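Working notes, beginning with the structure itself.
So that you can tell them apart, the chains are marked A, B and C in the order they are listed, and the count of residues begins at 1 in each.
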Amino acid sequence: MTTSKISGFARRHRTMSVATVLAATMVLTGCSGGGGAEVGEESGPIRIAALYPTSGSLALLGEESWRGANIAAQRINEAGGINGREVELVQADVPDVNGATSEARRLLDGEGLELAIGTYSSSLALAASEVYARGGGTYAELGAISEEYNDRGYENVWRTNPSAGSFAEVQIEFISEFVAPELGIGLDEVEVLLVHEDSSYGSSVARSVETLAAEAGITNIEYAPYNAKSTDLSSTVLGMEQADPDVVIAVSYASDAILLARQMEENGVVVPAFIGTGGGHTLSSFGETLGAAADYVFNVDFTQYAVNPDATPGLEEFLTMYEEEYGEGPASGHSLANFMGANVVFDILEQTGGDTSAEAFGEAAAAYKAEEGTTATGWGVDFNDAGQNTLAAPYVMQWRDGTLETVYPELVATIEPQLATEGQ
Amino acid sequence: MKRSYLIIGVVVLALLAFLPLIIGQYLLNNAVLIVMFVGITVAWNIAAFGGALSLGHAAFFGLGSYTMAILLLDFGVNPWIGMLAGMVVAAGGGLLLSIPLLRLRGPFFTLASIAFAEVIRLVAVYARDFTGGSEGLTIPYAPGWLNMSFSDREPYYYIVLGLTAIAVLVSVWIYYSRVGYQLRASGSDDEATRALGVNTAVLKVVALVISAALTGAFGAFAAQYFFIVDPETNFSLNLYSIQPALNGIIGGAGTVLGPILGAVLMTPIGEYMRGAFAGQQGLNFMIYGVVLVGVVMLMPGGLVSGIEKLRARFRRKRGAGRRTDTTAALNESRTEDRL
Amino acid sequence: MELLIQTLVAGVLLGGVYALVSVGLNLLFGVVRVINFAHGEFVMVGMYLAFWLWAGLGMDPYVSLLIVAPAMFLLGVIFQRGIIQPIQGTSANMKIFVTVGISIILQNLALFLWGGQYRTVSTSYSTSVFTLGGVTISVGRLIAFIGALVLVAALFYIMNRTMTGTVLRAIAEDGPTAVLVGIPVKKFYFVATGISVMLAGVAGVMLTPFTSASPTFGFHMTLIAFIVVVIGGMGSMVGSLVGGVLLGAIETLAGTYISPALQQAVLFAIFIIVVLVRPQGLFGKGAGTEEVGLK
């Protein structure tokens, strides 16, 4: 058995040396990486972590969201920065939940970035903010809507944009203020069908609507979840035809929004009020691809671009900068929302003198106020105890002649809303 | 031969146990991921001993995650017990999958395993009231060893290291035992082995069930480590079905060292590439795919067989006798598959 | 009753799509004995080619078939030469993982080149329908269905009435003997794979008028194609057609009468059941079914 003895020794020797090299590498990188977390450097750039999914299935709107924050940073740096210091957004790509957790840890622990912004997707926001919240950092969400984000009892999670709950609120408000009166029926008579894709996006909105509808007195409401990746939504459309609702609230991604609209048209299904909830119904490709078939589709979402300019100062400037930087117009309102949110974060940092620590930021954020109609999205700012901006609300838009016009509330509207059955 | 391997193993384990003392939190996070994937791959590989190349292990992973989460959130069951329960539920899943296992060969079993995992995932999405649907469940933060919840990475690291060490031990024990030898023989030529009077069916099922249970344990760990359990992630085909299979094949399926090598190699590469190619969508996974294709085409037995060949050449040069190799038999051509 | 009929019609049309996508896979497995996990990605490539020809040159998708079909055949030949041929002698599991690797590469190549957003073609007939006795039938889907029929018929003709087809069937039935008899098997593999990939591409083109292209579309289709092929029976073209239609009908019925959220789960469950109860599928002949044999 001489051969095995030699090989055994050679093996052990090799394993030992591999282990030693591995350990040595770790030591070296650990030493250089671990010492970088210094708090409150008085000079040099203000570094803020920016976690967005710019690859993977969420890339389209993740990239769009990032662009908004990026432009806000550029703009403020052109104006001299904060307290004379440049704002540096340290961008990290977080395509999925595991990536979000890993990157958050890297940025917080490895790079010492105590303040982070992001994230567009609810599950990513939840994951990344858990790391920051547990680790003593601050997480400012500028675009994700899941209710749970502010519901976990953490002190240092903030959100500038409206949550899923407010989407549901506006949906129901619009139904009671406009749709039901137009149809001449009471809230307890209105029949609502909630058609939603079955991932976390659709489900969270559905859940919010469910709670609020009951409180508002809308008793006839049914739910029709479907899979966003289906090549055929016939079952859903046929179900819709059978139910014959007054209102359809839809929560869809890009291709299913188009597919649904097309198959509804094919089957001749018309609903007096079809109200999308952001997502696919907001995208410019929805209007472009469907053309006239998109007309009269309502949509509840973040501020879009055909909106009353008096109520949204800074929006024009944003559009100009976006065109310059990216050579095209925005794909959706997500960039605008992130632009507004990033600006709020920078304003708060003005108050703290550039201090990104959780205590300083928390104090300044709690005290920060802005009136409605004074930001680029038209939203005001007033954070509640859980960190949610209570003055942010989605608006109701309607597709008309290929443009997504704002129709509700009056403060920001460009034209009057119209039921699909009237406008034929 | 076994004694020296045991010593190596203990040494490596000791070194790994000291790791947290030398590296920072971020690298420790990477270490946890690498160790976790080593564990998952080793667990997957146990089923592969018996010739079952499953692409449905995410089912077991997710079952472990959800069991732990649901028991904790709805019934207040302690996470440690929840982990054990998760292993039991995952083992049950393994039993279910055994039915196709015994009736289908090779690629058809693989297909069935994918369908199996997808059905479970879709059910998890559908059963909203029970599983939280697509949004999933969040594990609350309640630090303490009793709750398996910590603010630092170190305790997590030790837990996953322990789990992986157990997985490797089980793997080693199966490999070198007589039962394991029969199992591997049936993986390489089922009919011949049965002709010798071995009850291959029982062996294969046991291997799959053990593999499933271990995978479920890691799923339960992941629930605590990532705090969030959702169908898209915890039943992810890519992350927990394909990755371990990939690692195992690249390293050398059906061997002890193979899955470890494969995971140790591919996990950091994957993490690194994601960071390095943050701007270019898809580039990192594309390279991943190229590596997979390259390795499978050039070294069907995985890295382990490649290393063996190098050593054989080295030994031949030194004039030592040739040694017959029973490892990696799984991946070499079988007569009935060749045309 | 009307709901049932409309559902069935929608289901059958969907089934046509499924059949279209799986015909090529069947051929590849039957003759070359490769389980091509990248099959759906080839469908995706066909969709993107059709989209870019439409977006860039304004070419109607059906017209673009003239360009896409030969291009995909060529791609198939390259695929055979570069990837399949070298691994021909290895185990079936190895072939799976190589094609899984190719699938990953193609998916992410599409993502890298064209980004993640959905690309939708919009033609004058995108939402055109015609009504038959109160039932609406989408024009685009009907054309795809007819396309599936035509392709299956054409393939049937080629396989059973031409020399090439006979040779392919011979290779499918008994490869080693074919070699012994002096058939240049390698060359015929090029033909088989070429046709298979071409069929995938054609399926993609025919889907384009009513389906959006995206990098992740392929995987979904691969799984469905496998289910269809197994249910219909390996090596049976007619089986693919019938299997596809059946699957489409079941899925849509499940969607309407159980829940749209569960329709996919129903498909997978049926797949597992069929594979356990009748592994050779509905029309399974000899070719390839020994792989699925009971133990």
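Simple rule for what comes next: a contact is a pair of C-beta atoms (placed from the backbone, for glycine too) under 8 Å apart; a residue touches a chain by one contact, two chains touch by 3 or more.
This one's a predicted model, so the numbers in the text were calculated from it and none came from an experiment.
K.L.:
For this assembly, give the contact graph shape among line, ring, star, complete and other.
P.N.:
Contact pattern: complete, every chain touching every other.
K.L.:
Farthest chain from chain C, comparing Cα centres?
P.N.:
A
K.L.:
Using the touch rule from the top, work out which pair, A-C or A-B, shares more C-beta pairs.
P.N.:
Taking the two pairs in turn, the one with more contacts turns out to be A-B.
K.L.:
Counting in whole Å, what is the centre-to-centre distance of chain B and chain C, each centre being its mean C-alpha position?
P.N.:
32
K.L.:
Hey, how far is the Cα centre of chain A from the one of chain B, in Å?
P.N.:
Roughly 35 Å, centre to centre.
K.L.:
Could you check chain A for residues that touch two or more other chains and list them?
P.N.:
Within chain A, the residues that touch at least two other chains are 55-56, 59, 198.
K.L.:
When you check chain B against every other chain, which residues touch at least two of them?
P.N.:
In chain B, residues 125-126, 280-282, 284 touch at least two other chains, as defined above.
K.L.:
Provide the list of chain C residues touching at least two other chains, using ranges where the numbers run on.
P.N.:
In chain C, the residues touching two or more other chains are 111, 115-116, 259, 261, 264.
K.L.:
Enumerate the contact residues on chain C facing chain A in the complex.
P.N.:
For chain C paired with chain A, touching residues are 3, 6-7, 10-11, 13-14, 17, 111, 115-118, 120, 122, 126-129, 136, 138, 207, 210-212, 214, 216-217, 220, 248, 252, 254-256, 259-261, 263-264.
K.L.:
Where on chain A is chain C touching in the complex?
P.N.:
55-60, 198, 224-227, 229-236, 238-239, 242, 254-255, 258-259, 262-263, 265-268, 285, 288-291, 293, 331
K.L.:
Where on chain B is chain C touching in the complex?
P.N.:
53, 99-100, 102-108, 110-112, 114-116, 118-119, 122-123, 125-126, 190, 201, 242, 245-246, 249, 280-286, 288-290, 292-293, 296-297, 300, 330-334, 336-339
K.L.:
How about chain C: which of its residues touch chain B in the complex?
P.N.:
Where chain C meets chain B, its residues are 33, 35, 83, 86-98, 100-105, 107-112, 115-116, 171, 175-176, 179, 185, 215, 223, 226-227, 230, 259, 261-262, 264-265, 268-269, 271-272, 275-276, 279, 290-295.
K.L.:
Mind listing the chain B positions that touch chain A in their complex?
P.N.:
Per the stated touch rule, the residues are 1, 4-5, 7-8, 11-12, 15, 18-19, 22-27, 29-30, 33, 125-126, 128, 133-136, 138, 140-141, 151, 153, 226-228, 230, 232-233, 236, 239, 271, 274-275, 277-282, 284, 311, 315, 320-321, 323.
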